[in-house]
Structures are given as structure tokens and as C-alpha cells.
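Chain lettering (A, B and C) follows the sequence in which the chains are written, and residue indices restart at 1 in each chain.
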């Protein structure tokens, strides 16, 4: 009897939560939907007041325009290379985060604050010095020069550190007693346990590198190293803005992000497997 | 001899941090030191082209900042953004994460993506749609308000209201990333804690405040620190929506730095501005680390 | 043992990645020795389209190869700044006219005065007098006008007809009168839209009122009656409520539904109106600026410059010269829809017959470029803030202009 009552209560609760989520979700996603549907509108319709959510005269012209105006294959190849190599950064950040979470070593706190400090200066201020350093290293006009500066990021290191700090020390100690070496522990024990946070950082890394724009532009001495984002921004005039074309570009760029998100998000909520181990 | 041996024994943490530290040193820390040096010079475009044109002017840039009214206003605005925006972002992203964690049906899976959408919406689409919402004469919000006989509100046309409008926009945009971090963190809470609490007769709110939130402390700490750092560098929203206007009512410190550095090529002055900002950020961050130390004790 | 395997794996991963990165980027460096390659940085869409012209140039000059790198407008400044800092620039560089003085002041652009005699296409008399100003910095010639633009008046013929104007307002008095009448059509209607973020607008009004910029004069003549009077005229539109102070409806849409029937803009607006508001075709046109002392407008556009340390100066000059031949310019008009800088090109029928372009041709005879001063950007922005304080903040114009003059002097020092 009591059980049944609480079950009904639970059901109602779930329905209320669902309704709240759906309403809120609609509210937050309108600009996104507008972006997608606008990519199918002719230019004359896009800034209409009041705006139309769905195109009155749907057209594919923007997409045709987009692909015929871009050196598409090349830009896509460059973007994919940057994305793949950026995932190496995921490893670097995770390793550093692990060290800061689970080891005691000399200068640990000072080093960590130093790392955080790199987040505190606007990137525009350091852009020219960074370029000059890359120039000295002979890395201008190379893929390495585009990727290298972004391989380590304080945000990622901090994120990994915070999450890895919650892993019980006993787990690591037990593995050490079993004779596992430190790298084995990291790759075989820590990485699997931290799947959710790898998934989060993976999504962020993907989005960041997929949209990478400023460095490919500044480092490149010709268009061989341009990415999709650079290609898209070339379509923008000094004064004139073809909004419909830009929406098509934006909509196209966002599709892979959604796929990656859908793929990774199940790991975010799959859960630590360690609750049983505890 | 002993220290070498010691180092060999403890070399693992250093190996783990080495790649990240090397990259950050070369591409972040050295450039920051260079920028610090620049802030004591009169570097402009002329100096950039020929370094012999650069002269060391000591604290002059910092002194001019002290008397620059626009800079004062940008500091005020930045703190306005931070004080109202940061708590709102954290509150909303945590609430949404908790709601999304409620179920695992397809609906909830889809909505994880939906709430993430604002952070991946193209910035031009954001500007166009929100520009329409906020338009004083033709905007949707004012139209809806007119139905209940509320006068037109100049959403982007009056300094204080414009700041609030930008905060709303930035909160909307900032929820997604923090939400997925909270979602990931929620997975780390062992189910048995809840089961135990239920047996003890704890209700939903007790469970929230005595189990969930305390166990999310590490994630909340992370989100608070990074959100504060991010909001102190508030830039994109005023840049695309108002360019700092009206009457410098929405200019932030980062936008001030950008304008001086990139529009006017006063790199020395911009660098000085960014170190003032840096000092604010590092004080706020260290304060949080201090506070946190004391709270892990209990 | 296991330890070693792991560290080895790590080292491998690292080296493979750098190798991969290195490989994928090292392309075909340097071409055969008997041809010279010049690199050209051109902006946005123009950069993408320029390739159509370079092919012909290469065919005519087999010893020169042209490599065009398109650079987005938004971030062009970042790119050029890093080039200036590292001395790692192109041979030929497209620059917006407002940037010329700044980069010339930094000695980033080559002085081509010594070569002028060899290239008849570069003679000053080939270009409009307003654009000749943009070629020079101090006594050097640092750029050749490639394409130009000027601001004219766009207006709705049908709407103006309603208030008794069968032609565009031709003087300041007429403009004021027409604007007032247009505003009186009803609530939410305006007469004229002035873009308060466009830094050249106040200067256009000042020039029309007889103001002359003089870098050596005290306060750069900002204390002259002509300048102060123009600022009074400029702000009066906002104070009287006949020009909108908030952005309101986006300009093309407002033009379409008649809310803002007059505005000032450049040639790019023709296509935008045709694309975004095809319905009103035939109900709008362009006209030259209204006049007070004169009907001066601003001239802008892009110049082609040579980067200061280019090793291929002769080849670069040859290329610029080719681009600036009258025939090539007309071809470019066809490709990119920008207005040719050569006066002779304007005799072409396309430019003479297009009703919207006619006003541009006429206006070009009376234009000035923004003052060639490295700090101009900062001064112009300061002026905009000053006017904003008067228009939105309700401050007194006289005292604000006083402050502006002090500030402007400080900026120039």
C-alpha cells in the first residue's frame, strides 16, 4: 500500500521534472534551432522582422555556395589532423592532473598555481610573443606550430586533478603492493576509472580543435594549412555579411560536434566503476 | 648523492607533469613574462616593427591607467558581471545537472545535448537572435511585455540594464560546459550512500544537502575557480552585442585591453591593463584555495 | 621491465606525433630557380577571387609566379601585426585605406617613390584626388589605390515623394527639413539613420561644413567654427528625435518598410539591399551627399602595398601595375563588384549606365580620405565617445568638445 503510494508519487515527480526540462530545453535551444533552419533560408528572409523560425522558401543554395567557394577537401583534412593530434594533449593534461592529485613532490603547490596563472592573462596579450617564439623555433608554416601551443591547458590539468583527487588512495596503494609500476597504474587503473572526465575533456578538446581558427591563420604562410573555420571566415566581407551563408557554414560545422557529443555523453553518465571496489 | 637517489625514486610525478609543464612554459609562461616586460615599455606598432623604437618607461602605463576613467569603469563593470553572473551560472548548471541526472530514459539523454547547445551555437547566430530578443522597438521580449502593459525596456540601451542583459546572455551560454562537468561528477557518488540515507529516513532535500552537495565539493570548487577566472575576463558578449557601449556601460577589462592593444596598437598600455586584471584574478583565486584548505578540515 | 615498456611507449607516441606533424606540413618548398614567386596577401572574398586575375598575369609573365593567400577581414590585423613583429611578411599586401598611415608610420611598407617613373600606371593623375591622399604618408608613396569606395545618400524615392521631395535633399537645410517631415509621418517613424558607430560620419559632416584637418594646427582645427558647427548639426538630429538614438530595426529592414527612409553608406549596400529586400526595387536610389559649404564625402577602399623587406620588389611592382591597368580593373569590377580606382575606368558604360552607381561616380569628384595620421583611429573613436555622451548622456556639447580637444592633443602628443 505504502509502496504503491510512493511509486505514484515518484511517477508524478518524474513527469514534473520532465516537463520542466522540456520547457527549459526549448527555451535554451531556440537560437540553435534558428541557426539550423536559417541555413535553408534565402538571404532576403534571414533578417526579417519578426524572424521566422522555419524557412518560407527553403533553399539549398547556401550549402551549394558554401562548398563551391571553399577548398573543402584540403580544409577538412587539415582540421581532422589538428583534431587527432590534439587528443595527445588530453593525455598530457591527464598525466599532469594525476601527478598533482596523487603525488607529493617538491614545489607541487607553487607549480600548480603557476599553471593556473596561465589562464589569467588574455590570450591577445601573449599572441605576439608566442608567435615570435614559434618563429625562433622554426615552426611557422608547419602543422606542429599550429598544434603544439594548445597541447597543454591549465583548464584540463585542473579538471583532471580535481576528479582524480577523489579516487581513493587505497586503490593505488593496493596496486603498488601488488607490484604494479606507476605507469601501469595510471594507464590500467586510473584511466578506466576516470572515463566520465575523459569524456568531458574529450568533448572540449574536440570542439576546441575542430573550431581552431587563429593559429592556423597566423602560422600559415599559404592556404595549405587553413582549417574549415578559416575557410568560413574568408566568406565574410569587410562591410557586407551574407548571413544565410554563414548560418550554413555554422550549421555544417556543428554537425560533427553533435555526433561526438552523442558518442561521448554515454561515458559521462556511465559512472565510475569503482563504487564496487571501495 | 642522496638527493639524486631521492629524485630517481620520486621521478614519476616529474615525468607525468613534464610534457605539460614544458609546453606551458614555452608557450604560456615565457610569453607572459615577456608581456610583463612589455607593460613597462611604450611598445606600439612602431616598436613592434623596429625594436630600437621601444623605450622603457617604468610605471608610466600603470600611472596612466590609474587616471583613465574608461579603465575605472571597466573595472566596475567587470566586478558587476562577476558578482551577479558567477553565482547564477553555478546555480543553474548545478540545478540542470541534478534534474538531468534524475532519469536515464531517452528523453534525458537527448536533453543533455539540448542544454549543451547554447555553448556550441555559432556566435553570429547568438548575436542575431539575442539582438532580436533585446531590440527595444521590435524585440520579442518588449512585445511580450507590452501585452501585459509594461513600457518598453531599453535592454541594450541603458548602461545598467545592458549589463544585466549581457549577464543573462552569458549565463545562457555558460551553462552547458559546467553542466556536463557536474554530470560527470555526479556519477562518482556511490549509490549506496543514498540507499543508506533512505533507510535512515532522510528526505530528498536532506539527501541533496548532506550527501550530494558535500560530495560534489571538488567539482563545485573547480567550477567556481574556473568560472570566476573566465568571468573576470568577460569579453565576447559585450564585444559582439554592444562593443562596450552605451557610454562605456558594458565595457569589461578584457574589452578595454583588446581595444587598446588591437584597435589602437598601444601594446604597452594594454599589457599593463592585463597585469592589473591578472592581479585581481590571482588574488581571487588564491583566496579560494585558502578558504578551501580550511574547509577540508572538518 | 614493465616500467621501461611504458616509458618507451610514451616516447614513441611523442616522436611519432611530432614526425607526423612535421611530414604533413612540409610541402613543395621553393619552385624551380628560373621563376620568382611573389606572395600576395589579399582580404576575404577578394583574396579568394584574385586567383582569376593572377593566372593571366602569370601567362603574360612566365618568369613570375604569384601565390595569393586569402586572409579573413576580421583577423587580418592580427596576421599583419605578427608579420610586422617577425619581419615575416608577404611581398604584396592589401590594406584598407584607414590602416595605411599606421603601418607606414611603423616603416612596414616600402617607399616606392624611386620606381614611380618606370610605371605610368602609378601616376597620381590616374586616380581621384581623394585617393591620392591615401597613397602617401609624409612624403613617401606607400600604396597604390586598388579599388575604392565612397559614402553616398541612399533614399526611398516613394517615401520622400510623400513629403514633397521628388529629388534627394541637396543641402543641409533640405536634409533637415525632409528628415523632420519624414519623422512627422507618425509614431516610430524616423527621417534619417546615422550610424553612431561609424567613425567617418562626423568627419564627413565636418568637411561639408568647410573643416580642414591640419595635424600641425593647434588642436588640429577641432576648435574651428566649421568643426563645432558640424557637430552641432550632427547631434541636432538625435536631440530633435528625427534620427534614432537606439539601433531599433536593422537598417535594411527599416529601409524596406520605410521606417528609416534615408541613410548614408558605401557601394556594398547596393547588393545587400538587392539581396535582403528585393521587394523595394525601383523604389529607392542613391544620390550625392547634401552640401553646406561643399558636398564632400569620404573615400576609402583598399590599396596595394609592398612589405618593407620584400626581396622581389620589381616583380611585385609589375604585378600591382598589371592589376591597376584600366582593363584589368574593369575585369575586376565584373568579378568582385568593387569600384575601380582609375579615373579612366569610370568612362566605361557599365559605370555610366547603372542608375545606382551614377551617384558614386559623381560623388568621387568631391571626396577626402580620412586624415593620414597614425593615431587617427584613436582620435576618431574618442570623438565617437564624446558625441555619444552628448546624444545619450545628455551632456553639453561645448564642454564635451573642449574635453575632446585636450584628449586628442594628448593622443598625438
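Here is the rule we use: contacts are C-beta pairs under 8 Å (C-beta built on N, C-alpha and C of every residue); 3 or more make two chains touch, one makes a residue touch a chain.
None of the values given here were measured: they were computed from a predicted structure.
Compared with subunit A, the chain whose C-alpha mean position is the greatest distance off is C. Between B-C and A-C, more C-beta contact pairs join the chains of A-C. Inter-chain centre distance (subunit A to subunit B, centres taken as mean C-alpha positions): 16 Å. If each chain is reduced to the centroid of its CA atoms, subunit A and subunit C end up 36 Å from each other. Listed for subunit C are residues 7, 78, 81, 85, 249, each touching two or more other chains. Among all residues of subunit B, those that touch two or more other chains are 19, 48, 138, 262.
The set of subunit A residues touching two or more other chains comprises 47, 49, 128, 148, 182. By the touch criterion given at the top, residues 43-44, 46-49, 69, 81, 85, 88, 91, 127-128, 131-132, 135, 140-144, 147-148, 181-184, 187, 213-214, 217-218, 220-225, 230, 233-240, 242 of subunit A touch subunit C in their complex.
Subunit C contributes residues 2-3, 6-7, 10, 13, 17-18, 20-22, 24-27, 39, 43-45, 47-48, 67, 69-75, 78-79, 81-82, 85-86, 88, 96, 249-250, 252-253, 266, 268-269, 271-272, 275-279 to its touches with subunit A in the complex.
Per the touch definition, subunit A reaches subunit B in the complex via residues 14, 17-18, 20-22, 24-25, 28-32, 34-35, 38, 47, 49-51, 92-93, 95-96, 98-100, 103-105, 108, 111, 113-122, 124-126, 128-130, 133, 148-149, 151-152, 154-155, 157-159, 162-163, 165-166, 182, 186, 196-197, 199-200, 203-204, 207, 241, 243, 246-247, 250-251, 253-254, 257-258, 261-262, 265-266, 268-272, 275, 278. Looking at the complex, you find that subunit B touches subunit C at residues 15, 19, 45-46, 48-50, 135-138, 154, 156-157, 243, 245-248, 259, 262-265.
Interface residues of subunit B facing subunit A in the complex, by the touch rule stated above, are 10, 12-14, 16-17, 19-21, 23-24, 26-32, 34-35, 48, 96, 99-104, 107-109, 111-118, 120-122, 124-126, 128-130, 132, 138, 140, 172, 175, 177, 180-181, 183-185, 187-188, 190-192, 218-219, 221-222, 225-226, 229, 233, 235, 254, 257-258, 261-262, 267, 270-271, 274-275, 277-278, 281-282, 285-286, 289.
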